[in-house]
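Common to both upcoming complexes is chain A, partnered first by chain B, then by chain C.
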Partner chain A sequence: MNANIYRHEFRARLRSVLIWSLALTLLTLFFFAMFPVFADQAALMNEMLAKFPRELLVAFGMENMDLATVLGFYSLIFFFIQLCLAIQASNYGFGLVSIEESELTADFLLSKPVSRTQVLTSKLLAALTSLLLTNVVVWVSTFVAISLFREGRAYDLATLLLLLASLLIFQLFFLSVGLVISLLVKRVRSVTPYALGLAFGAYVLAAFSGVFGDVGLELITPFKHLDATYIVQHGAYDAPLVLLNVAVSLVALAASYWLYIRRDIPAVS
Partner chain B sequence: MNIFLRELRANLKSLLIWSVIISLLIVIAAAKFSGFAGDPSMLAMLDSMPPAMLDALNMRAFNLTTLSGFYGLMFIYFGLLGAIAAAMWGSDIISKEERDKTVEFALVLPVSRSRVVTAKALAALVNCIAFVLITWAVSLLAVRPYNPDQAFFNFLALEMRAMFAIELIFLAVGLLLGCAMKQYKRASATAVAIILVTYFLSIISGMQESMDFLKYFTPFKYFDAGELFRSGALNSTYLLLSAAIIVGSVAGAYWTYNRRDLYI
Partner chain C sequence: MSVIEVTKLTKYYGKARGIVDVSFGVEEGEIFGFIGPNGAGKSTTIRLLLSLIHPSSGSAKVFGKDVVGHGPEIRRDIGYLPSEVYYYEGMKVNDLLKYSASFFNGDHTQRMHELSETMELDLGRRISDLSYGNKKKVGIVQGLLHSPKLLFLDEPTAGLDPLMQRKFFDLIREENARGVTVFFSSHILGEVQRLCSRVGIIREGSIVEISDIRALQQNNYKKVRVTAEGLDAASFDLPGVTNMQAENGALQFFFKGDINAVLQRISAVQVADLTIEEPTLEEIFMHYYE
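Take a look at the complex of A and B:
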């Protein structure tokens, strides 16, 4: 790892990290501010919902969502937090090394006396630090929002910690998958469309399987690997799916190193 | 004309990728619909629910056992994908010249900057039209096994018009961002921000009565599938509002691009 590259990369992303953190904080606080009103109404609604057949509720993805409880409501917000973090992480992943090529700075960087492995490690660590920073902000704003708006309703701290801890696994997935795709294609012209495609694609698939019940879509989309409603209901991760998720991330990371060390990088002509 | 043709060719791949994504979505969804189609027990369940609750869940419009109700549920995904695609095309088609360091070349050609913007905007517009038509065609093919009736075709036509309107709004906004942003990287980043914010606003405004006024700020709510289904027509207030946004953004795009300092 090279301190100069790390510092440069970290600084280049600082602004983006600040904007994402601010947006996520606002999102959490704003959504949670609706909780007190919602909880009162939802208590009534839940009574009604309890009378309906399970199939119907499954079809609408509501069977395990109890909006009257702190965690039930939080898992609703959590889905959106995940979406934002997915976009951010895949943005960083896709841009990690491809930006050097599109901005024609790759040959400058690679002519420095550092190995490609070192370049990639430093960049990865810098991106991870940025993601961790955002993650910490989400933790803080979640606790602030809950303590501000829960109005004495109890919740299970251990489950909340499990939820929040899952965000890091989630970010790592999009970072490494984004990175490996950016290395598999010949040239990434613009990072954003790729990142949006990956993040929203996974999101739509997950939202979709929520609406229509399950047909194995949860195997592909990380939103289902770390499904908030599942975690809240069981107080634990869906272990096989989480392992699958982590395995995909690790394989993608290893493949990225392999590809990057062998990559043919076009010089500026 | 040359610029127009060149842009069309350059964007063809992107259009193909988006078309594949939306086709996959439709095909998967149509396959899933078979579990719901004409299931009377499902219908009985929906009937037994109190009307207030159906309203609360915005399910009154969506009788999932009929094809139209099912497509009403799908509309938000069409709108979302259309919006992302259009905003990306709009902002990218202008800002990519600066990213690829070709802007000086493009602008020393004997055409005015306005002509450049016009040609590029038209190319992006053709892409949007093609995207809607492909969605439409794939939908028609995908629902063939369920013998759709005339009412469904009408509703589908309405939905596609609404999707096109959403696309136009985001295309215009994307163009404006591409033209107005000093740095090319900011253009697509801002476009993402706008899409996310408007999407969240549309969800919030649906969740709570007191937040209802937010619907004026989010194009996703201008064309709400439930509303479309009930009224059978596009709401003229929202159409006017959309037209205002589109005209304003496009005018802003020309105005700023003619005056801007290039980022090289």
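Take a look at the complex of A and C:
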């Protein structure tokens, strides 16, 4: 860990963190502001949803969702929060070392007296700090939104905390998988397409996994590992899937160190 | 003491050749010139020594330590000026230089200001607003500000105007006078001739010659030009004759060896004109590359 690199990396991402945080706050507040209307018309709402084809509901993760309850409605928003955080985290993951290489500043950094391990650790910690900040903002805006708009309706705090806590595991997955993919390909020219690809790819897998029934797709996508509907329904994580998620993240991290230490930094061509 | 010791260093990028079986040594306090055309493997060699890339086989030591295992330690005393300079575009020059200095022990602010003044570098500007030449100046200051013991200069003068080039050379000579070892890679022979004491010539990934620059110029090669009737290339069919060219009844060639052998052949014919001179480094160089 090198404090200079950490500080430099953290500053470089600060603007992005602020924008994501603002977007997520607005998303949560505006979306949840509609909750009272939904809750009042609950019977009508659930009747309408019942007429939708089951496949469609499953694809949007709404099959077992009760939009009349605080957490039921929140898990609908939660899915969008997940999607945003997935894009943000994969963005940081893919860009962690590849931006330095595509903008050709890697030579500057790596000709300094620091080891590759130090460089990667400092960068990872800086990215994690950025993700954690965004995470905290999500927590705060969630609590603010719920207390503003729940209008006295009760909810289970423990379940909400479980939901929110799952976000960090979720972010870590996309950060580390993004990183390891960026080290496996020869050169990442532009980070955004990769990041969107990974985030939406994982989402699409989750959607299809519901539509086609039991085909095992839930094993490979974090949207299923940490499915809000499941957590709300059971008041608990799907433990084996969460463990799988964490295991994949850790393997990706370990592989990233292994690859980065041995990596040939591409020269200007 | 050898500051750099390279032994049979080989680097392949997949199947593409980087360098093959390169061996040489650089002594403490010397300015070692490393010449070759683009793509010969100059940058590859420097990048291997900085452990930016890893060797396929062979080994290299800097300050007596293996570059693969002791990279961070070695780089504490290294200054590196890459051939193409790229820095964090959003940063100000001042912040970038401070960031660079922060990796080294001690306070380097004063040296940073001295160097920027010498190179006429404006510290308040943004990297993204700088011209190529100005970025190069940032590179020079960045490479020197922590007073390294060994300098890697990879085609350092590209983009600098002649006045700045001279200042830069003065700076390098000053550093060298303080005992700094310099590894100077270039494809421009004039500058190598001006600065270096020894030179290694690399071609298609292999070292073709390592020699004292004066020895290379004076002792080994003579450029001979003879004008006489009835001459053909066969008249000088001697070991040591290379680069034979015939034009307008005159013969021109390089000769390495005992000059008397050539003189004997010349005395056998009626000579109209004769010159024997030192070839320029440029000509020696071309000779290696043909």
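Everything below uses one rule, namely that the second predicted complex is superposed on the first by the 242 of 269 C-alpha atoms of A that agree within 3 Å, B and C clash if a C-alpha of one lies under 4 Å from a C-alpha of the other, contacts with A are read in each partner's own complex, and residues count from 1 in each chain.
Rule of thumb we're sticking to: a contact is a pair of C-beta atoms (placed from the backbone, for glycine too) under 8 Å apart; a residue touches a chain by one contact, two chains touch by 3 or more.
Treat the numbers as computed from the prediction; the structure is a model and nothing was measured.
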item: Partner chain(s) touched by A:87 [first = chain B, second = chain C, both, neither]; value: first
item: Contacts of A:38 with chain B and chain C, given as first, second, both or neither; value: first
item: Which of chain B and chain C A:112 touches, first, second, both or neither; value: second
item: Touched partner set for A:172, first chain B, second chain C, both or neither; value: neither
item: Chain B versus chain C as contact partner of A:200, first or second or both or neither; value: first
item: Chain A residues touched - chain C or chain B, whichever exceeds; value: B
item: First, second, both or neither for A:102, with chain B first and chain C second; value: first
item: Touching both chain B and chain C, residues of chain A; value: 104
item: In the complex, chain C residues that touch chain A; value: 13, 43-44, 47, 50-54, 71-76, 78, 80, 82-84, 86-90, 99-100, 102-104, 142
item: Chain C contact footprint on chain A (complex, rising order); value: 2, 4, 8, 12, 103-108, 110-115, 118, 262, 264-265, 267-268
item: Interface residues, chain B side, partner chain A - complex; value: 14, 17, 21, 25, 28-29, 32-33, 35-36, 42, 45-46, 49-50, 53, 56-57, 59, 64, 73, 77, 80-81, 84, 88, 92, 96, 99-101, 188-189, 191-193, 196, 200, 203-204, 207-208, 210-211
item: Touching residues on chain A, where the partner in the complex is chain B; value: 16, 23, 27, 30-31, 34, 37-38, 45, 48, 52-53, 55-56, 59-60, 80, 83-84, 87, 102, 104, 189-193, 196-197, 200-201, 204, 207-208, 211-213, 215
